[in-house]
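One chain, chain A, appears in both complexes that follow, with chain B as partner in the first and chain C in the second.
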Partner chain A sequence: MSAITLYTGAMLQGAVITLELTAGATVVSLIAGAAGAVGRLYGPRTLKAFIFGYVETIRGLPAILQLFILYFGLTQFGIDVPAYWAAFIWLCLYGTGYAIEIFRAGLQGIPEGQHEATAALGLTRFEAMRRVIIPQAWVAMLPALTNFVVLELKNTTLVYFIGVQDIMFHARLGVSNSGQPLAIYGIAALIYIVLNGTISRVGGILEKRAAIAS
Partner chain B sequence: MTVQLASILGLWGSYLPSFMRGLVITMEITGLGLAVAVVLGAILAGFKLSKFKALRVIATVYVDIIRSIPVLVLLFLAYYGLGQLGLTLSGIASATAALGAFYAALLCEIFRGGVQGVERGQREAADALGLGRVSGFVRVILPQAVLRILPPSTNQLSNIIKDSSLVVTIGVADLMARSYEASATTFEPMDMFVLAGLIYMALYLVIARAIGRWELNVQRRRG
Partner chain C sequence: MSSDVVVELDGVRKCFGPRVIFDDVSLSVHRSEVVAVIGPSGAGKSTLIRCINQLNTFEKGVIRVLGHEVYGTEEGRPPLRRDDLRRLRTEIGMVFQTFNLFPHLSVMKNVMLAPQRVKGRSEAEAAAQAQELLEMIGLSHRKDAYPRQLSGGEQQRVAICRALAMEPEVMLFDEPTSMLDPELVGEVLAAIRRLAVDGMTMILVTHEMMFAKEIADTVVVVADGGIAEMGPAKEVLSTPKTERARSFLERVLLHTGGDTGPQAAASEGGFDAASGGFDDPTLSWSREVDEKGLR
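On to the complex of A and B.
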C-alpha cells in the first residue's frame, strides 16, 4: 500500500510538469493559431498554400512520429534539442496546426451578411473584426477550444518516452519498482480524468456565460 | 546533392520491405480496433437512445469517463494491468482493446447524433406505413442516418490509424516501431521517420479516397 502512496505522490509531482507543458503550449498554440488562421483566410496565395500544407501535415502524421522527428530526427543534422524543450516545441507545433483549423472554421462560420452589415455601418475592417465577427466566432468556437486543451493534455502522455518527467514517467517508474500496474495506471487514469474533467467543466461554464452574454 | 538523394533512396529501398511488414501490422491493429469500436459504439448508442434510464446512465458514464483517459493509459492498463489479473493479452490484442474502448465512446456520440438528426416525421411516416419498430429503423431511419455518420466516422478512422502508432511503447513491430528501430541502427533517424511519415500519409489518403467514393455512391443511390 505504501508503495502506491509513494508513487501517487510522484505522479502528482509529474502532474505539475504535465500541466506546465499543457498550459504553455496551449497559450503559444492559440496565439500562433489565430495568426495562422488569419493568414490562411486573408493572406497572399503562397502563404495560404504554406499554411494549408502545414495543417495537413500536422494532422496527417501520428503524434508520436512528430515528437520523434523533433527529438531523434534532428540529431541527424547535429541539432540536439533537450527533451523538455523538444516536448514543449512539439506540443506548440502540433497545437498550432489544430488551432488554425478551429479558428478558421470559427471565422468562416460567420455568415457573409455580418461582414456586409459592418461595411454598411462604416466600421473599419479591424473594428468589424473586434466588435462584430470575433465575439460571435468566439461563442461558436468555445466547445472546440475546450476539446483542444483536453487534446493537448492527452498528448503530453507521450513525452515520458523521451524522458520528460510527467505523470506517465512516474507511473512507469512506479510500476517497474512495485509490480502493481493495475493500481498505478488506474491512479494515473484517475488523475487524467480529474484534470480533463475540470477542463471540460470550466469550458462548459464559459460556454454558458458566453451564450447568455450574446 | 544528387549523391545524397541517391543514398537516401538507397537506404529507403533497403528498409522498405521491413516498413511494409510493419504497415500490415498497423493496418491489422487499425482494422481490429475499428471493428471493436463500431460494434461497442453502436451498442452504446443504442443504450443512449433507449427508453430505460439505467441503460442511458451506463452509456453516459462510460463515454464521459473513457473520453477523458489518454489512449496511452488505456493501452498500458490493457497490456500491463490486465496481466496482473491473470488476463495476459498480446500487444496487438491490448491495442485492439484500448483503441476499441476509446473510439467506441467517440463513435457512440457520432452514431447517436446521426440517428437523432433524422427528422421525427420520418419515424412517424414509417409508423403510418405500418412498418414495425425494427424494420422502420432499419429501412427508413438508418439509411438516412448513415449519410450523417460517415464523414465524422472517417475522421475517427484516421485518428485510429495515427493512434495505432502508440504500440511502439509496448514493443509491437508496427510501422512506427520499425522506423524507430531503423533510426537507431542507421544513425539516420530523420530519413527513417520521413519514410514512415510518407507511408502513413499514403495510407490515410488511400482510405479517405475509398470512403469518399463509397459516400458518393451512397448519396447517388439515394438520389
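On to the complex of A and C.
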C-alpha cells in the first residue's frame, strides 16, 4: 500500500509538470494559431504557402516522430535542448499547427457580408478583425478550442519518452517498481480524468457565457 | 465636375472574368438627388453601386465621389492606397440587402462602432448620437436588443442608422427591402423616404417601382450590359422611350398588376397616365403606409 501512496504523490508532482506544459503550450499555440490563421487567409502569397506547408507537416508527421526529431535530431548539430524545453517547444509547434486550422475554420465561417459591412463603414482591417470578425469566430470556435486543450494535455504524455517527469513518467516508474499496474495506471487515469474534466467544464462555462453575450 | 455633383461615373466597365456585366456607364448624381436604379435581375444593378464604394472593383473608366477618384483596374493607374480607400468609404453609407448587422453587438453598439473606431469619437458622444438616430427611426426602445431579437424590418432600420452614424455624403441602398416580409417593407421605405425629405443624396437599387416613382428624382434603367434609359423618374416610369426599358417595365407592371383585375388589363396597352399604369391608386405604396400611420 505504501508503494501506491508513494507513487500517487509522485504522479501528483508529475501533474504539475503536465499542467505547466499544457497551459504554456496552449497560450502560445492560441496566439500563434490566431496570427497564423490570419496570415493563411489574408497574408501575401508566400506567407500563405509557408503556413500551408507548416500545417501539413505538423498534421502529416506522427507526434512522437516530431518530438524525437526535435530532441534527438538537433543534438547532431550540437544543439542540446534540455528535455523539458524540448517538450515545451514541441507542444507549442504541434499545437500551433492544429490551432491554425481551428482559427481558419472559425474565421471562414463568418459570412462575407460581415466583412463587407466593416469595409463599407471604413474600419481598418485590424479593427474589423478585432471588433467584429474574431469576437464572432470565437463563439463558434469555443467547442473546438476546448477539445484542443484536452488533446494538448493528452499529448503531454508523449514527453515521458524523452525523460520529462510528467504523470506518465511516474506511473511507468511506479509500475516497474511496485508491480501493481492496475492500481497505479488506474490512479493515473483518475488524475487525467479530473484534469480534462475540469477543462471541459471551463469550456462549457465559457460557451454558455458567450452564448448569452451574443 | 460641377461643384454640387457628389457621385460621378464616367465610362465604367465591369467584367466578371470574360463576361462583361455592363460597359460605358456614365452617370452624375447631384447633392440631394435621389437616384433609383432599376432593371432585370442579373443586369448588374447591385454591382454598379458596389463599384462606387469599391466593394467591387471595375475594369475601365473612373468613379469620382466628392474629391476622391477611383480608376478602373485596367486604366494603368496605381491602385488606391488603403487609407484613401477607407477615406472614400467613410463618405459613403451603405445599406445591404441582407442587413449585415453585427450579431454579437447590441443595437446601440452596432451604431456606435464605426464612429468610435473610425472617427475616434468618445463613447459618450457616440452613444448620444446613436440614441438620437435610433429615436429618429423609432427604435430607441430596442437599443439594448441584439439583432437576432429584431424583425427584418427593424434590423434594416438599425442598419440605416449604423450607416448614418458616419454622417456620409451619399447613401447607397442595395435592394434594402428584397429580403423582407411584405408587411415589413413599409417601415423601411418610410425611413428611406424620411432621408430623402431631409435632403440626403441617395442611390437606391430597388424593385419597388411605386416607391421609386414617388421618391426618386432620377430613374436609371440598367439592362443588357448598360444604362438602357435614364431620366426624370415619372417620365421614365410612365413613358419609357427605349424598347429595353419599355419591355422591362411592361413585365414588372403586368406582374404587379396581376392582382388587381381590370386595371391590369387596362394597363396592357401602354404606360400613359390614362390607362392607369403606375398611377393606379390601389398599388400605391405610400397610401398603404399612410393607412398604417407610419408616415
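The working rule: the second predicted complex is superposed on the first by the 214 of 214 C-alpha atoms of A that agree within 3 Å, B and C clash if a C-alpha of one lies under 4 Å from a C-alpha of the other, contacts with A are read in each partner's own complex, and residues count from 1 in each chain.
We adopt the following convention: a residue touches a chain if its C-beta (ideal position, glycine included) is under 8 Å from a C-beta of that chain, and two chains touch if they have at least 3 such contacts.
Here the structure is a predicted model, which means the values were calculated and not measured.
Enquirer: Quick one: chain B and chain C on chain A, clash or fit?
Expert: They fit: once the shared chain is superposed, the two partners occupy separate space.
Enquirer: Using only C-alpha centres after the superposition, what angle do chain B and chain C make about chain A, to the nearest 10 degrees?
Expert: After superposition on chain A, the angle is 100 degrees.
Enquirer: Is it chain B or chain C that touches the larger share of residues in chain A?
Expert: B
Enquirer: Just to be sure I read the superposition right, which of the two partners does A:27 touch: chain B = first, chain C = second, or both, or neither?
Expert: Neither partner.
Enquirer: Taking the superposition on A as described, I'd like to know which of chain B and chain C A:132 touches: first, second, both or neither.
Expert: The second partner, chain C, only.
Enquirer: Just checking: does A:193 make contact with chain B only, chain C only, both, or neither of them? Give me first, second, both or neither.
Expert: After superposition on chain A, A:193 lies in contact with chain B alone.
Enquirer: Between chain B and chain C, whom does A:123 touch in the aligned arrangement: first, second, both, or neither?
Expert: Second partner only, chain C.
Enquirer: For A:158 in the superposed arrangement: first (chain B), second (chain C), both or neither?
Expert: It touches chain B, and chain C stays clear.
Enquirer: In the superposed arrangement, does A:72 touch chain B (first), chain C (second), both or neither?
Expert: In the superposed model, A:72 contacts chain B only, not chain C.
Enquirer: Identify the partner contact of A:114: answer first if only chain B is touched, second if only chain C is, both if each is, neither if none is.
Expert: second
Enquirer: Superposed on chain A, how close does chain B come to chain C by Cα atoms? Whole Å, please.
Expert: 25
Enquirer: Can you give me the overlap between the chain B contact set and the chain C contact set on chain A?
Expert: none
Enquirer: Considering only the defined contacts, which chain A positions touch chain B in the complex?
Expert: Its residues touching chain B are 60-65, 68-69, 72-77, 150, 154, 157-158, 161, 168, 171-172, 175, 180-182, 185-186, 188-189, 192-193, 196-197, 200.
Enquirer: Would you pull the chain A residues touching chain C in the complex into a rising list?
Expert: Interface residues on chain A, with respect to chain C: 111, 113-114, 116-117, 119-124, 127, 131-132, 135-136, 139, 213-214.
Enquirer: Can you list the chain C residues touching chain A in their complex?
Expert: Against chain A, the touching part of chain C is residues 53, 55, 86-87, 89-90, 92-94, 96, 98, 100-104, 113-114, 117-118, 146, 162-163, 166.
Enquirer: Which of the residues in chain B come into contact with chain A in the complex?
Expert: Listed in rising order, the residues of chain B that touch chain A are 64-65, 67-74, 76-77, 80-85, 158, 161-166, 168-169, 176, 179-180, 183, 187-191, 193-194, 196-197, 200-201, 204.
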